[in-house]
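The letters A, B and C name the chains in turn, as written, and every chain counts its residues from 1.
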Amino acid sequence: MHLLAQDLVNGILAGGILAVVALGFSLVWGIMNIINLAHGAFVMLGAYTTYQLFTSFHVDPFVSLPISFVLLFVLGYLIQRLLMNWIARAPLLTTFLFTFGLSLLVVNIALIVWSGDTRGVTTAYSGANFTLGDVTVPWAKLYTLLAALAITGTMQLWLVRSKTGRAIRATSMDIGAAQLSGVRVTEIYAIVFGLGAGLAGVAGTLISLSYSLHPTMGDLFLIKAFVVCVLGGLGSVQGALIGGLVYGIVEAFATQLDFTIGTQHISGSGLQDAIALIVLLIVLIVRPRGIMGKATA
Amino acid sequence: MKRIGLGGITGNPGAFAIVLGLMVLLLAVPLTHNGYVETVFRNILMYAAMAYGWNLIGGYTGYVSFGNVAFFGLGAYCSGVLAAHGVSNLFAYVALAMVVCAVFAVIVGFPVLRLKGHYFGIATLGVALAVADIIANLDVLGGSSGLAMHQLDEAHFSTYYYAMWLVALGSMLGTYFIARSKLGYAFVAIRENEDAAAVLGIAATRYKIIAWAISGMMAGSAGAIFAPANGFIDPSITFAVDSNVFPIVMTILGGSGTVAGPFIGSLLLAGANELLQRFFVKAHTLFFGAMIVLIVLLLPRGLVWLFGLRGGVRAWIKSVQVYRA
Amino acid sequence: MSAAVESSVALRITDVGMRFGGLWALSEVTFDVVRGSVVGLIGPNGSGKTTLMNVISGVYKPTTGEVTYAGKRIADVPTHDVCHLGIARTFQIVKPFASLSVRENVAVGAMYGREGAKRSTRASFERAQELLEVVGLARVAERPASDLTIPDRKRLEVAKALALDPDVLLLDEVMAGLNATEVEEALELLRDVNKRGVTLIVVEHLMKAIVSISTTVVVLAEGRKIAQGAPSDVLASQQVIEAYLGSRWVKRQEQLAEIEAEREQAKRVQPPQAGA
C-alpha cells in the first residue's frame, strides 16, 4: 500500500516538471500551429546553462532560473524573427523539418561544447529528503514542483492580464482579426516562440536538479511534451499542468509493472516509452482534443 | 499564387526521365569492386525506397507519417526471423516483409488514420517508438541485443546491392504507375480536401489505408534487404531516428508528391551525409542540421519544382517569399 | 394512379428538423421532389437553405425526420456513397483540388462517381473533357484549378458534380457573383442538364434566375417551409414577400426609392465640378 502512495507522490513530483516542459511546447503549437521539434534541444540548453553557471560560478540552480529564461527567450525570439517568419505560412511539414534541422544543429553544437559525457548538478540539498509516513519526498523535487506551479501560475496570469498576453490570445483565436486590430503578428510570433524557448530553458534548469545531463537528453522530454499536450489539450496553461500531472502519475505506475508471460519476462521500466505511447494512442483516438480540450480545433 | 511547373500528377516528366537514366547508371556500381562505394550506394538506394514509401502517404496522400521506420524495422526483423529458421532466399525475405507490413498497416491504420494533421504525425511516431520498444523487450527476437544474420560470402556481396536496386526501382516505378492510376488521383484528392473527395465518391479511410499499406511495403522491403546486407540487426539500428527522418527530408528536398523527387533527394542527401561523415567526423550531423535549415528556407517546395521554374532568380526569390508571415 | 405518383417522386423530405446546440436551423420541413423537376429553394440568409442541402446530400444527419431517395434513408448512407445513389451537389464555398488541373478535378469525379467503377482512367479523362466543353471550361482544361476565377470555379463545381452522373443535382448558389450574361449562360446550361432527365434543386439569391428555371419553388424562413408552389404564384403572394424579405425590407425599398429620386434631382440641379 505504501508503494502506491510513493508512486503517486513520485508521479506528481515528476509531473510538475513535465508540465513546465510541455507548457512552452503547447503555447507554440497552439498559437502558431508549429510543432517545435527543437523544444527538447532548448530544454537541454537550459539544463546546460544551469550546469555551466553552477560549476563555473557556483550559482544556485534556482537562482539561474531567470537567467535560463532570458537567454533562451532571446535565442527563440531571434530564430523566429530572423528565420522562421519566412516560412510562417508554409505547410505544416516545412516548419516541422526546419525545427528538426534546428534541433540537430543545437544538439551537435552542444556535443562539441560540452562533449558527450554525462553531467550532473549536485547541490548541497541534492540528496536531502524528508518522510511523511511511509512516503519519501526529496526536498529538491518538492522545490521543483513548487517552482513549476509558480511558473505555470505566472504564465496564466500574464496571458490573461497583460497587454501582450491578450494580443497573443487574440492572435491564436483569429489571426486576421488580430491583424486588423493592430496586432503585429510577426512580433507576436517572435515573442511566442521566444516564450516557448524560455519556458523550455526554465524546464531544463528544473530538470538539471533531478536528472543527469547529456546533449541528447531533450529527445525524451520532447516526446513527453507531445503526450502531455495531447492529454491536456493544446495551447492552454491549465491543460499543460493537468496533462503533466496525469502523465507523471501514469508513468510512475506503469514503470512498476512486472510480470511474466510464458518465458517472456515483461518489466514496466523497460517498456516505459511503449506504455506511455499506448496510453497516448488511446487518448488520441478516444478524445482527440485531449482531456481538457475544447470541442473546436 | 501561381503553381509553376505543375507537370501533372507524376511531377516534371523531364526530371523523371533523368532519374530513370541515373537508376540505370547505378547498375554499374558493383563493377568498381569497391566494397565501400557499393555500401554507400546501396544505402542511397535503401533510403530512396523508404523515401518513395513516405512520399506515397506523406507526399501524395498528405498524411505526414513519422512512423514509417516501424515498417523498415519490421521488414528487417522478418528477414531476421526467416534467417533464424534457415531461409536465405532474398525474395522470401521481401515477400514476408511486404505481407507483414501490409497487415500491420491495415491493423494500425484503422484507428490512426482517423486522426489528422499533427495528431496523425504524433500517433505514427508513437507507433514507431512503441514497436521498437516492444521488440527490444521480446526475447524471441533477441531483445535489445539483436539478431546476428548469416552473411553471404565476399563473392556474392553484390547480390545485396542488386536486390536493393530492384527494391528501389520497384518503389519508383510503383509510385509512377500508382500516381497515374485512379488510385493516385484518390490519394491527391484526399490530400487536397478530404471532405470534397468524399463527396466525389472517394471512401477516404479505405484509400488512406491502401496508401499507408503500400508505403509500408516499400519501407519494409528495404528493411528486408538491409538486414542480411548489414549482417546484424538490433532495435537501435533498425528503428534509428535517421531511418525515420532521412526519407522525409529527402522527399521534401527532392519534391514531395512527385515521382522524381524522392530519388533526387536520396542521392543528394545520402551522398552529402556520407561526404560530411568522411571529412567532419565529429561535426557532420551539425552540418546536416544546418543543411536542412537552409533547404527549408531556400527551397520550400523541393528541387523537382525548380525544373519547371520559369523566370530565373526573380521567380525563385518570389517563391521563397510566398510563405512569409 | 397513386403508384404512378409514387414512382415520379425522386426525393422525399419528411418532417426534417436540424438542431445546432439550442437552435433549430430547420424544423418540420416536408416536401417531395418530383423526378425531372427543377425545385428552387429560396429564403433569406440564415433561413436554412444550405443546412437543408447538407441534410439532403448526407453531410448532416437530421435531428428529426428523414430524407429518402428511392426508398433509402440518406442518413444511413456514408457521405462517399451518396453520389453512388445518384445524388450530387456543388458547394457554396467552392472546393477545387488546387494542385490538380481543371480537367483532373473533373476526372476524379468521373473515376469515383456512380459510373466510375466502369470507367478506365482514360475514359474518365475523356468524360471530363466532354463536361468541360459543356460548362465552357475547355479553354482552361490544363490550368491548375487554383488559377481559376470565381465564376470559373463555380463552373468547375458544376462539372465535377455532373461527372458523378447524378439523377438529382443540388446546386448551392452557383450563380452568385456572375454577371448578367454569365447568369444567362448558366441558366441555359442548367436547362440543358434538366432536359437530359436530371432533377435539379437550386439554391439561389437571384430571384429572376429562380423564377425562370424552377418548376416549383419552396420558400424557407427561419428553418420552416412557409410556401410551396409555382414560382409566379409563390412570389406574387404578399405574405411570402413580407416573410421572406421582411416588412422592414419593403419599407426600406420605398425609402431607397425616395432617396434615389432626390439624388437624381440634385444631379440635374448641380452639374458635376470639373477636375474634382
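In the analysis below, a contact is a pair of C-beta atoms (placed from the backbone, for glycine too) under 8 Å apart; a residue touches a chain by one contact, two chains touch by 3 or more.
From a predicted model like this one, the values you see are computed outputs, not experimental measurements.
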Topology of the chain contact graph, where touching chains are joined (line, ring, star, complete, other): line
Top chain pair, ranked by how many C-beta pairs fall in contact: A-B
Cα-centroid distance, subunit A relative to subunit B, in whole angstrom: 30
Length of the line joining the C-alpha centres of subunit A and subunit C, rounded to whole Å: 50
Cα-centroid distance, subunit B relative to subunit C, in whole angstrom: 44
In subunit A, residues with contacts to at least two other chains: none
Complex contacts: residues of subunit C adjacent to subunit B: 57, 59, 78-84, 88-89, 91, 95-101, 104, 107-109, 111-114, 116, 121, 124, 144, 146-147, 160, 163-164
Residues on subunit B engaged by subunit A in the complex (per definition of touch): 58, 64, 111-112, 114-115, 117-119, 121-123, 125-127, 129-130, 133-134, 136-140, 241, 245, 248-249, 252, 256, 282-283, 285-286, 288-293, 295-297, 300, 320-325
In the complex with subunit C, residue positions of subunit B that touch it: 1-3, 6, 8-9, 180-182, 185-186, 188-189, 192-193, 195-204, 257
Complex interface listing, subunit A residues touching subunit B: 29, 33, 35, 83, 85-90, 92-94, 96-98, 100-109, 111-112, 185-186, 189, 219, 223, 226, 230, 263-267, 270-274, 277-278, 280-281, 284-285, 288
